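There are structures below to look over.
You will see chain A twice below: alongside chain B first, and alongside chain C after that.
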Partner chain A sequence: MPFKRYVEIGRVALVNYGKDHGKLVVIVDVVDQNRALVDARAMVRSQMNFKRLSLTDIKTDIKRVPKKRTLIEAMEKADVKNKWENSSWGRKLFVQKRRASLNDFDRFKIMLAKIKRAGLVRQELAKLKKENAA
Partner chain B sequence: MAPKRGTPRISRNPDLIRGIGKYSRSKMYHKRGLWAIKAKNGGVFPRHDPKPKPASPAEKPPKFYPADDVKKPLPNKRKPKPTKLRASITPGTVLILLVGRFKGKRVVFLKQLPSGLLLITGPFKVNGVPLRRVNQSYVIGTSTKVDISGVNVDKFDDKYFAKVAEKKNKKGEGEFFETEKEKKNVLPAEKKDDQKAVDAALIKSIECVPELKAYLAARFSLKAGMKPHELVF
Partner chain C sequence: MVTLRFHQYQVVGRALPSEAEEHPKICRMKLWATNEVRAKSKFWYFLRKLKKVKKSNGQVLAINEIFEKNPTKIKNYGIWLRYQSRTGYHNMYKEYRDTTLNGAVEQMYNEMASRHRVRFPCIQIIKTATIPAKLCKRESTKQFHDSKIKFPSVFKKVRPPTRKLKTTYKASRPNLFM
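What follows is the complex of A and B.
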């Protein structure tokens, strides 16, 4: 199976280890076989090992090592934030974070809601079964 | 005529450095006006004889000397403070009890008693937990808070929860053969009324929050997949 996501200038990646865990960064330059120069709006441009990065589908259109302002404009143009939040990966991460921060009371309310929903589904299913049997 | 003790005595000799005053002995003599006091008293510094002490009764030698010299322990003036409350536990917090008869119950925290124990209530109508004391260590503090402003808990302290001292039966042979008197601990009506008074205000504020009453009525338990060290309470 061929690779689909390549390391290239402008590739948006997710940091999966370290201090900046969970942040989206843009690959701005490649240092050597293992490391890339990486930049984002809210961080100082720094080098990161590729092992710390998970490549995403999103790409921005930049030249090698752009100025910070140019980079931010390019990110806006490619609409990185919205694309990420609407992607299934981005949504999954958000849900995981939300679940992890749930209060004990929240968990109780969710349990009640789940039971209620299951009850409704079962009612509908019973109705459909009856119609089918008739 | 006692001198006025209103103002504290200030030194007329300011410090240049600690231990060294600005003025010499002779200058200070003049500053303090000792020459004027002497002049008023005819060239001699006035001297007051000590007041005659009232005659004290002759002390008798003690009748009893202890055989050994017993060392007296040093006086201990420490006053115990109530234990420091965890930051997550404030009045109105919902707590999860971890031990005892009511383990797993979610309960409302009212105040910390002077002994350090926490005063909690179910409320009784909601989950069967009465006004009770509980140790901070056996409790998880959740981040859910109940509005406790309508509740008056001033009358509760550790003495309220002390065991009632039973009257001691005089020793008698007849008593040994009789069956023990009923050991039923009937809760005095006064305590029941206290419970009702506290709970009335609490239940009102609990019903303002949707599903909070059902939450307090349910017990907490760990289910599959719940990792306590990762849970946010």
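What follows is the complex of A and C.
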């Protein structure tokens, strides 16, 4: 199976460990085999180990080590934020965060909603069974 | 960024003024140490080898830490060093790619310890310089001088995002392919 996501300049990655966990960053340059120079709108350009990055499918079009302003423009052009939020990976992360930040009342509401949905499903199922039996 | 162990200091010192010499020559050294106290100690170590002065008859005039001017720019550092192996003294030239000089020096100490079993006290840094890409000598740094560098990340190590979430047993096998 060939590789589809490469470490390259402009690749968007998700930080999966450490202080910047959960942030989307752009690989701006490669320091050496293990580290990349990484940048995002809200952070100082810094180096990060590849072990802390998960590569995504999104790629921006930048040259090696762009200025911060050029980087932000390129990120806007590639529409990184929207592509991420609409991707299945991005949506899953959002749901995870939402579930983790529920309070007890929210969990109660979810319980009621789940019971209601299960009730509806069972009604439909009962109808289909009756049609089949008949 | 990870906190670096080594800091670069500029130490300025001279022999104490005496009747023989009213204004002794002032010497300045740039060296690497983990803290200021050790920097001063290293300063006297080197100065003793160059002039007839010791800590007891000399004074440190200033010690300043030197910080990296451009920590967001990747540079190729060449480090010339003299180290003591089990059989004698040798000179070496090593190249490292890093954003800061302190980072490159730390890489150097780690590499010397692992490849040649040489520890910190046995290494003397003669000279360091940032090398432009054309003049790099080592293949392992030259292979990153590619403006369209591209390589796949072959092995994905699955890690919990914080050490608190680490568990001994997992419900399913991890997917190691990127």
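In this section, the second predicted complex is superposed on the first by the 134 of 134 C-alpha atoms of A that agree within 3 Å, B and C clash if a C-alpha of one lies under 4 Å from a C-alpha of the other, contacts with A are read in each partner's own complex, and residues count from 1 in each chain.
By definition in this document, a residue touches a chain if its C-beta (ideal position, glycine included) is under 8 Å from a C-beta of that chain, and two chains touch if they have at least 3 such contacts.
Fair warning: this is a prediction, and the values are worked out from it, not measured in the lab.
Once the two complexes are laid over each other on the shared chain, residue contacts for A:Ala126 go to neither chain B nor chain C. By the touch criterion defined above, A:Lys109 reaches chain B but does not reach chain C. Of the two partner chains, neither chain B nor chain C is touched by A:Met43. When the two complexes are overlaid on their common chain A, residue A:Arg5 makes contact with chain C while staying clear of chain B. In the superposed model, A:Ser101 lies in contact with chain B only, and not with chain C. Taking chain B and chain C in turn and counting the residues of chain A each one touches, the greater count comes from C.
The touching residues of chain C, when paired with chain A in their complex, are 1, 72-74, 97-99, 141, 144, 147-154, 156-157, 159, 161-162, 177-178. Across the interface of their complex, chain C is touched by residues 1, 3, 5-9, 16-17, 21-22, 29-32, 37, 44-47, 50-51, 54-55, 63-65 of chain A.
Partner chain A is touched in their complex by these residues of chain B: 94, 96, 106, 142-144, 211-212, 214-215, 218, 220, 230-233. Of all the residues in chain A, the ones that touch chain B in their complex are 100-105, 108-109, 112.
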